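Paired with chain B in one complex and with chain C in the other, chain A is shared by the two complexes that follow.
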Partner chain A sequence: MTATPIDNGFKGSAARNAAARARLLRGLLPALSLALVLLAIAWLNPRAISYFGFSLMLNLAIPIALATIAQMFVIAGNELDLSIGTFVGFVGCVTATWLKDAPLIGVIILLGSIGVYALLGALIHLRNLPSIVVTLGMSFVWQGLAILFLPKPGGKAPDWLLAIMAFKPPFIPFPIIAALLIAATVHFGLMRTSYGVILRGSGGNPAALRRAGWSVLKTKIVLFSLAGLFGVLSGMALIGITTSADANIGNGYTLLAIAGVILGGGEFVGGRVSPIGAVIGALTLALAASPLLTFMHIPPDWQVAANGAILIIVLAARVLISRRER
Partner chain B sequence: MASLRTLLTKPWIWSFVGALLVWLATIAFTGGYGAGGMVTAALSLAVFTVIVGVGQMFVITLGPGNVDLSLPANIGLASAVAMKVMGGSDAMIVVGLLAALACGAAIGAINYLLIWALRIPPIIATLSASFIIQSVDISYGRGLQIKPPPGFADFTNWQVLGIPVLAILTVLFTIGAAIALQRMIYGRSVLAIGQNIRAAWLAGVNVGRIRFLTYTLSGALGGIDGALLAGYFRGANVDIGNEYLLASIAVVVIGGTSVAGGKANVPGVWGAALFLVLLLTMLNTFGVSAGVRLLLTGLIIVGVITAAGGEKALR
Partner chain C sequence: MAAGNTDVIRLGGAEKQFGAANVDIVRLDAAEKHFGAVRALGGVDFHVGPGECVGLVGHNGAGKSTLMHMVAGTLKPDSGAIGVHGGIEENYSVSRAQQLGIRCVFQELSLCPNLSVAENTRINHASLSGFGWRRKAAGLIAAKLDEIFPDHGISAWDIVGDLSIGRRQMVEVARAFTVTQDRLDLVILDEPTSSLDAHTAGQLLAFVRRFVAGGKSCILISHVLGEVLRNADRIVVMRDGKMVASDAAAAFDRDRLVTVMGGTEAREKTAAKAAAAKPGNSPLRVRARPAGQTDGKDLVARAGEIIGLAGLAGHGQTDLLLRIFDAAARAKTGIEVTAPVALVAGDRQSDGIFPQWSIAQNIGIRSLARLRNGLLISPRREAELADMWKKKIGIRTPDMNNNIFSLSGGNQQKALFARALGSDAEIVLMDDPMRGVDIGTKLEVYDLVREEAGRGRTFLWYTTETEELDNCDHIYVFKNGRIVANLTRDELTEEKIIQSSFGDAA
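Coming up: the complex of A and B.
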């Protein structure tokens, strides 16, 4: 499902127009929720809507968006990754230790971890395993490795990474450029290339894909490797911002990433995902969870609840729209 | 011999074999020291996993996509509710337990309400619910220092001849759950829905009502578990239920329940829970660091799932 409207042509009946309008509305829902959150922030604190304000508010949105994209690839194949959070934490620990002190070993470890993701994809497909359980088990593996690499909070991000994340382009804050770049790249790769269609097809109708002569095993491996790759990018981006690491640093990302994909119009079954929507969903969650609540003087206790509430509100809106779609 | 052979064909036997092997490995390491104490400790801790595991098992049996991710948050909130209502007084134990049960059941009912009203996958519904419950718990349980009533704490730690009374009660409960699953209309309906939801509906099963009951049951068991955990560990805690997300799902799958739904196994939940607890005891006895312990726990769970997953492909 793309964020762009599907034009039904000039065939005409009023009912069809209404359905098309509902579908357009549904496609625009992620963008609308982001706009609503932005409006609320602008109303509560107009000064936040500035170059500096956005740089600050959206700082952590980059790693969240990357983790959300990672989760999106897994969900596109009808699976779910409950280990992405601890994986991001693991990558963070590697980034703040090996990648800084011995870059070559660091790179090998990170590439190896992407390889583990590829293997998981193969294992889940070949043995017909429930991805929830396998990735839940893997979440312990990543956390254990993270603690082994970095027993107590510390380490330091490599200088080049700090330089990238502190980049201050003119006029448009870096997080916004990064978000646009991530969304555009993944959208092109997954939605506009022929292999992207095959990848989504492995979630939509694996049987049809198999009969058409494509290897579902291969698509699962590719999807999981991409998830691993974006998980690595997310962990590195996170450490570039926080400058040091902690084995538990990414734990909250598992649920945030799932919420981001769903907010962005993704669905659990059928390979229906939207990269642009996922990035927008991640931005919405990043903004709503902390800046918006702070401006509304709501104690941080309720941050997590805000995520849940947004998720429920958006899903409820989706139900209302879908009802009109019929 | 023939009975042994039929026993070996049962899927749940392997979780008990695993538990036994882990136990033997540990006492071989300690030279036989603490063999009995280890069983007692394993039984006391396994109880908490079994209670939520049974709830999760009924939910998972409803079919693909059905899973209750709100259990950890639910356990955390119920532990705080129980401690607050009991207020450290022995007279309020039953009221506190009922409050925790009601709190959990309400969460389960809300979970199903979200699934039904928003027509969203249970994973997302229970996930969003757990976000909100977590915040409620953080806010409600802030600085909660209430100890459980002495009578309740003693009850959760009470042993007869080295066997925890709570474990005996839980065995009785699981026997009840097995009867409900295999011999009662409710359980048969859950299995029917898991096998083919449309066929079950056509056969006259009230699908909505059964699913509602199942999510409420899972929530209620989470609530009771929270209260018991707070009694056993002498105090409520926001994070008290965290480990039960993995544990509740893992014991169901390791215990021989099909993740595809429609095939459940109650004894396996016990075997798998004992296996997990003894595994942790073994790693602690070997003196491995926290990192290695997590790493091995994860690898063993993935390994066991991989080994057990094969039979599903045949069906």
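Coming up: the complex of A and C.
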């Protein structure tokens, strides 16, 4: 039982090599699209490619990346979270009010909200409910709570949070370091650890997991709790950047997060997700969302539509490549 | 390791009496199970001793799978007792079964397609964790694959979804034999060879013999009766949820097995005469050339012919069928199709069945144009079509409006045949559709295919079972995506096919 050589890839059939090539291509697609967006920005405005430029352009990328990771955990279990956007907004409101004024209560509220996510996972699994319906309902609950905590825009981020988000490391802009850190941590946890395999397997073939003696209820609870945890981190990061909150601040994040996961090579069903891809997808969206379009002199009125067009183009390229796999 | 490397192929009965460990590995007493009103098992006594390979045969729906689910701990009997290693198990479950050394390779693949081979191995071994688990898991599965299927060509880091269905089955089987901390005494193999070609199936069965010779036990479920006869020490026959015979394998031959199973009498030879004289000048239905064919060989099928596609699994037969299917809708170079086409899928779970639909809806989907009444589907016509085929093909169900999953595997496949044969298609493509179907169903379908061919329908039939080729008028043998031999029925022998499949095609 020593480490036996396991690489006998050269024996693989041509069909399998083709599949592996297509998978590699698909794995590289998120990086390629990010490179493309960066090239376009560099061409339109060379001065943006600088320490200061990146810090500015990628400022909002950290909360988007965290929300995308949260969504990715849910998608890994073949579910979808339509409430992540308003949840980020809710966390933002708690951060700007309770967490600053009464840190203990703030922490309890945030931990409790992660617990609510865990319960949602259990509910969805036990009652066999469609996650889209449950989380759509929850999105109104979070929004309502957010308005309750902060009826009008305001509040203030805790000072320690502002300090973290304003951190300026030498040479490499903070958002890039944060993105690398998030991607590496989640990649290790989900793709490399032995329990990460079980989590992904629950999306791939839950019946097989059950037969092997694993609890699918537990995997669902863990996946939803992780989604809640990263949702909390996203909301806090967002308030650390914007310094004050608004109940509607995260509403756009739901669709951005889903798009980020898919852009990053994930699929809606089958447990096929990629943390690194998801973070890259989030960065691409953050860059394409406004800096690129501003540099292209597209009027703000048209930016949302142009953003959608970019999404369609990149996702279409992904579908074309996946089709070659078949 | 566990299996040992002895060359003993058969362990004499006397040798099994030795040793204190001569307690049944698993024993079921008067096990009963009902699913709603249906009795799946009616009081079965079943046991497996150490060092024996028990063959389990019976029709689809005879209760084999239910029985095996109980042994594996995935189903609890309504009444009756389960004992393992001599002790009675009160709270028997999958994890308990694994602790006690009982594993099961289920008929439907239970691998996670999004994970690698090594990661799938990890799922079955809770102890593969902590630092370096990836290397350990990869080493474990690679060693077992090497042991069972030398030259398997599978890397531990291959994503399972990228592997062919045959290779997936190899991984699944090898995984069941891997050992970490739990003991391993009994492996249940439910149709383990259904997706394997003759070569790898032989490797697997030879390994099973070595495994059993090493003192471990196996339950072998197979619809290929020859496999069971050659490899089992004892054969248990089930019918209608009961055990109807249990005897040493030597006491059975093929005919007796078929009779005890209550199957239709073996009538293979009728096949030969049925289509003996057929005019060679009936209209052309399909002319197709595989994509990789360079020497100009074509597959030609005429009206009323049954054409066999043979060769090792995954050598381009399915690809060609799918290309012909596509060509019927949109012209493709190298393929000529002159009539409507229907396809009977091989992987019925993923390519054949609409899981949420009733049996009748599943049958009617290919014939919607005929079932229409104005803009809507006429429920009456749909029911008529379904009832006609229920009678004609013998689908065993109280109500065709039941969900398709209320049927056993063989009956689901019958419904898919009914879908194709009930349509207007003059050309029926069959992609190894008899995988894991019992012998009675097979014989019924063979008859039907010949009958329909007699009416002028054309069948293109890819099969991994050489016996089925006896039904064909013409056989094309495939290798590496190309046609390497073209045999008429009279020339057909198993040796010829094996020769062409393994021989060097220039």
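Things worth noting here:
The rule is short, and it goes like this: the second predicted complex is superposed on the first by the 303 of 326 C-alpha atoms of A that agree within 3 Å, B and C clash if a C-alpha of one lies under 4 Å from a C-alpha of the other, contacts with A are read in each partner's own complex, and residues count from 1 in each chain.
Definition applied: a residue touches a chain if its C-beta (ideal position, glycine included) is under 8 Å from a C-beta of that chain, and two chains touch if they have at least 3 such contacts.
A quick note: this is a predicted structure, and the numbers were derived from the prediction, not measured.
Touch criterion met: A:R200 reaches chain C, while chain B stays clear of it. Contacts of A:I258 after superposition on the shared chain: chain B is touched, whereas chain C is not. In the superposed model, A:G270 makes contact with chain C only, not with chain B. By the touch criterion defined above, A:R192 reaches chain C but does not reach chain B. By the touch criterion stated above, A:T294 is placed in contact with neither chain B nor chain C.
By the touch criterion defined above, A:S55 reaches neither chain B nor chain C. In the superposition on chain A, contact of A:G213 is made with chain C only, not with chain B. Residues 72, 74, 93-95, 98, 104, 106, 110-115, 118-120, 122-124, 126, 128-130, 133-135, 138-140, 142-143, 146, 151, 153-159, 161-164, 314 of chain C are the ones that touch chain A when the two sit in their complex.
Here chain A touches chain B in the complex through residues 80, 123, 127-130, 132-134, 136-148, 151, 255, 258-259, 262, 268-269, 299, 301-309, 311-312, 315-316, 318-319, going by the rule given at the top.
If you check the complex, the residues on chain A that touch chain C are 1-9, 11-13, 15-16, 19-20, 23, 192, 194-195, 197-198, 200-201, 203-205, 207-214, 270-272. For chain B in complex with chain A, the touching residues are 65, 67, 114, 117-121, 123-124, 127-132, 134-136, 138-139, 142, 245-246, 249-250, 253, 259, 289-299, 301-302, 305-306, 309-310, 312-313.
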